[in-house]
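Below you'll find the structures, each written out as structure tokens.
In the two assemblies presented below, chain A is common to both, partnered first by chain B and then by chain C.
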Partner chain A sequence: MKVEVFSCSECGGPLKVAVSQFVVSCNYCGVLYHVKQKIPPAVSIKSSITLSDAKRIVLKELKDDIIAREFLHNSFFEKGTLFFIPFIEVRGIKSKETPLHNSNIVEFNYQAFDYIERGSDLNDLDIDFIESSLVEESLLNAEQKEFNLVEMRKSGVVLSMKNYTFFTNRERDAAESVIEKHYRIIYIPVWEINYSYKGIIFKSYVSAINGDPIKIQALKNHKKKLFYSILGLFSLGIIFSRGLKLLLFSSTAANLGIRGGGMFLLVLAGSGIAALFLFFLLFPFLWETFAFREIVSKRRDGVKSSSINYTENSFTKFGNRIVKRITSALGMVKIEINE
Partner chain B sequence: MRYSCPKCGGENQLEIVENEYLKCSYCNSSLYIDLDGLTLVYSYKSLINSQNLSLHLKKDFEKTGFSENFKIINSYPLYLPFWETEAKKQLERGNSRFADEFINIPSEEKKTFDFEEAAGEIEVLEPDTQPESGKKRNLCYMPYYAVVINYKDKEYTFYINGINGVVTGDPIPYVSSDETIKLLPLFLLIFAAAFIVNYFFDNLIIALIINIITVFILYNLSLKKINKKLYSK
Partner chain C sequence: MSNIKKLKCRKCGNNLTGKNNSKIFFCLSCRLGYDISGEKAGMYNLAFGEPVRKENFLMEYFPFWKLNCEINVENRSEDIKKRSEVIFYIPSFYIKNINYFGDLGYYYMKKNVVIDTGEKKDLQVFPADRGLNDVISYPKIYLLKDLSKEINKLDLDINVRILEKSLILIPFYFKDHLYYDSILFWKYPSGALI
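Entry: the complex of A and B
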């Protein structure tokens, strides 16, 4: 552990301070000191969006065709939290060696570089992405404030710096022949708006700098999928009725001699059972692939959706198992069935 | 910066226990160095038995209608920090890992927090929030149990209050199985309609027209029914 030695301002005695220590006491006179550790300079971007503004922005985004209209009317606002997300701005100069043509002389070029790194892994939030473009935009347009942890903590939650690699990646710097490197931490304010629908919590994120929606989460509009599933069921009905008619009244059926009272009932019952069997096979598929409860998240880079895990009942369990067996037997998918 | 004990005013009796936790050897109170001053630290005693954690969870889940089986993977006691301010009659959360912003003040008496004794066996979380109002404030450590459960290959963490058993945490995404099975007759009706229309109409053009009309009617009917089933309370 690296230890630095200072002297006490009261009695002049030595003070030993370790790297991770925050409080130190003088061994001679007992005076306590609060140690401020050396960290890179930090700024926070001023948040101009209030909670009610953020709520209004989320509501406006929810009024969209891809989002179920009923969701908007039946979901309830839970809470809104302001998060300060740390980003690291790195600026520096590196040298580049390029040999000149047909000679042993090497030319040196100095190049300035700058990039933005994420300071936190965002595990505490429901977003795994925030593009650096958002930070760049905000650095150009928004007002920068002095870093004041007390004030920031009063208005929201300050995410801790978890990405310490930038302090120690000296090997990479040596490989790139970096001459000078400076760091600055930038805290970006982001609103998290929580609303619940039937016990399921949805989280949306809005930039508190300019009110840009980062991610909007809601239930997907199911109308299109309902239409396709009805069409699918309808065509299944058509196929069965036509097939049955062909079997009963065509000449091939007459030749085979299966026209009569008892046989008619037998075929009807058989095709009915087959139709029911196929239908129960289809039913879990409908809910898996045509899930009406589907979460849609509108992001800056496009729309992504995922289905909610609904609880299985005995019917769907049975169907799923059969579907999995058939598909795995055909070599379509390899799924291990855990019973 | 020089510090003095907010309780007795003593300056030279402060001892470091760990990092930002101090102890006043004169009045025996424990202290925490916050960003803007020293605060007294108190704690409450846990009353709940750790064997009854699943019962408290089940009781809480029943309120939302969730009655499925779940598996407790991990459970451990921990001390969560809360701010006690003069302005508010509730305790404000001191760590942002906790979901609720305010909790009620328990009727039990608080004791001086002994960091050395507590940190030996139980995890003590450091505060990372700042109450909005009131410079005069105390830090209160509440005994909690963190319970991690596994449901459908996903992990959910809940915090159970060690004094009154109140459960805090995001609810499990859950849709009751009745709703999916209720739509079964609707789909059977659609299948039967297609079957009947096409069995009794020999003329292909007439059958096609009737098919289109029935699909249109059934779509609008089921849309209403599904909206009612899935989206109304």
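Entry: the complex of A and C
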């Protein structure tokens, strides 16, 4: 976050002013200053949920049928981080004229408007699905807190503003009837709760304003999938054995003359190779469909699942480690594993 | 380049009270309010409102503009002129969804807010983020809201002249994420006033 430094006109001490900080006091003589900036002023929202409250909320949400029981019992709490996420808000009053029925009389009234938009892309937090409606809902019982960047940084991570497009389109729509309009930046506190399970980090997010779960991430319960897979394998086994029986002992096979001859072995080997080829070709899709280690994310807009990508993480790391150990044992390279 | 100003009372030299998003800063000991939203900081007298209903909840003072206006209404078709003086109370903070929650200023206009002259100490003051320029058109807007049908029917011409500008702090009570104003005792969720 960009910081500008001024000097106090009373004592000459440094005054560090962050972007959107309008009020600053001298740390040495206590004189208060107002700094006019092009960027709108910031307000912070009070965080009424503590880390232990957030952990409790996540644990409560984890007790769900779609989440594996083993995750609940064997996962470890890694850390909880409070993030202050910037949102840009434009709000104001516009006039509204309503024509009355069966007359030329127009009734005058005025109404409030407010739009909220993300000030940061949130890609790093993996909650880029957060929409303004979700924030507006959480703001209903929110309380304003003094914007103090130093205090905020002591208690959590303050995300920097990246988006400075102040609703140009919507603003133009409402421009004609606007009576007054104000811009400001609101910092919304959100808890990130990290749980680890067998080396994989699962990140859940809870609103620090009212404790609403934003996203709960865990290991998916695969009991149903396991049941259907065993049932499917069993059915495939029956079909395969029936087919083999038909091929080896039926009169058709005898008539064709493939039983006992070299042709039979050739067909068997050929189908084996074809099956292997098909398996490797279909592996990514099969992995997607039948993976038993899936991450499940419970969100407001539904439940999203994604399989854990072992090829990029665990398998690669494991392979690298083996290769490095072998090569170092052979004196080819010095062992150096950084993970 | 940013523009930096000292927030000190011109009368007593003490630091003013306000928050990061405030446009008006207060000197509670001298009972003065400074509107710094314009090019030059305007200095206005500050008064305190007497609560109509007294409760034992947490108290926070909300700032309002108090504009004493002269209203001249002229009926052009019948050549009738009327003059009156009205006190307007306009919130110097923003109320979300004003049509649903109601504009306190508009309803205070019809209520006589009594001034509390008692001594005040350790006050919690809500940030005032609406300067005089933001609210200057509201006396006419409030009147238009009241009289818009008559204006259409009777060809009325309304002129508003501000005679006196000052600020008033009205006590609000806070309990369970709800703010209650002490004059009408209307309740607002805390998020509607942030």
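Quick note on the criterion: the second predicted complex is superposed on the first by the 188 of 339 C-alpha atoms of A that agree within 3 Å, B and C clash if a C-alpha of one lies under 4 Å from a C-alpha of the other, contacts with A are read in each partner's own complex, and residues count from 1 in each chain.
Heads up, the rule we're going with is that a residue touches a chain if its C-beta (ideal position, glycine included) is under 8 Å from a C-beta of that chain, and two chains touch if they have at least 3 such contacts.
Worth saying up front: this structure is predicted, and the values here are computed from it rather than measured.
> Examine A:31 and indicate which partner it touches, taking first as chain B and second as chain C; both and neither are also allowed.
Both chain B and chain C are touched by A:31.
> In the superposed arrangement, which partner chain does A:90 touch: chain B (first), chain C (second), both, or neither?
neither
> Looking at A:150, would you say it contacts chain B, chain C, both, or neither? Reply first, second, both or neither.
A:150 contacts chain B only, not chain C.
> After the superposition on A, what does A:112 contact: first (chain B), second (chain C), both or neither?
Only chain C; A:112 stays clear of chain B.
> Could you let me know whether more residues of chain A are touched by chain B or by chain C?
B
> Name the contact category of A:233: first (chain B only), second (chain C only), both, or neither.
Touch status of A:233: first partner only.
> After lining up the shared chain so the two structures overlap, which partner does A:45 touch, if you call chain B first and chain C second: first, second, both or neither?
It touches chain C, and chain B stays clear.
> Going by the contact rule set out at the top, does A:180 touch chain B (first), chain C (second), both, or neither?
second
> For chain A, which residues belong to both interfaces, chain B and chain C?
20-23, 25, 30-34
> Tell me, which parts of chain A touch chain C in their complex?
4, 6, 9, 15, 17, 20-23, 25, 30-37, 41-43, 45, 91, 93, 95, 100, 104-112, 114, 139-144, 146-147, 179-180, 182, 184
> In the complex, go through chain C and note every residue touching chain A.
So the residues of chain C in touch with chain A come to 2-8, 15-16, 18-22, 25, 36, 94-99, 127, 129-130, 134-135, 137, 141, 144-145, 148-149, 152-153, 177, 189-192, 194.
> Which residues of chain A touch chain B in their complex?
Touch list, chain A to chain B: 20-25, 29-34, 68, 70-71, 73-74, 79, 124, 149-150, 153-154, 157-158, 160, 196, 198-201, 222-223, 226-227, 229-231, 233-238, 240-242, 244-245, 275, 279, 283, 286-287, 292-293, 308-313, 315-316.
> Please name which positions on chain B make contact with chain A in the complex.
1-3, 11-16, 19-20, 22, 33, 35-36, 64-66, 68, 96-97, 101, 128-132, 152, 154, 170-177, 180-181, 184, 187-188, 190-199, 211, 214-215, 218-219, 222-223, 226-227, 230-233
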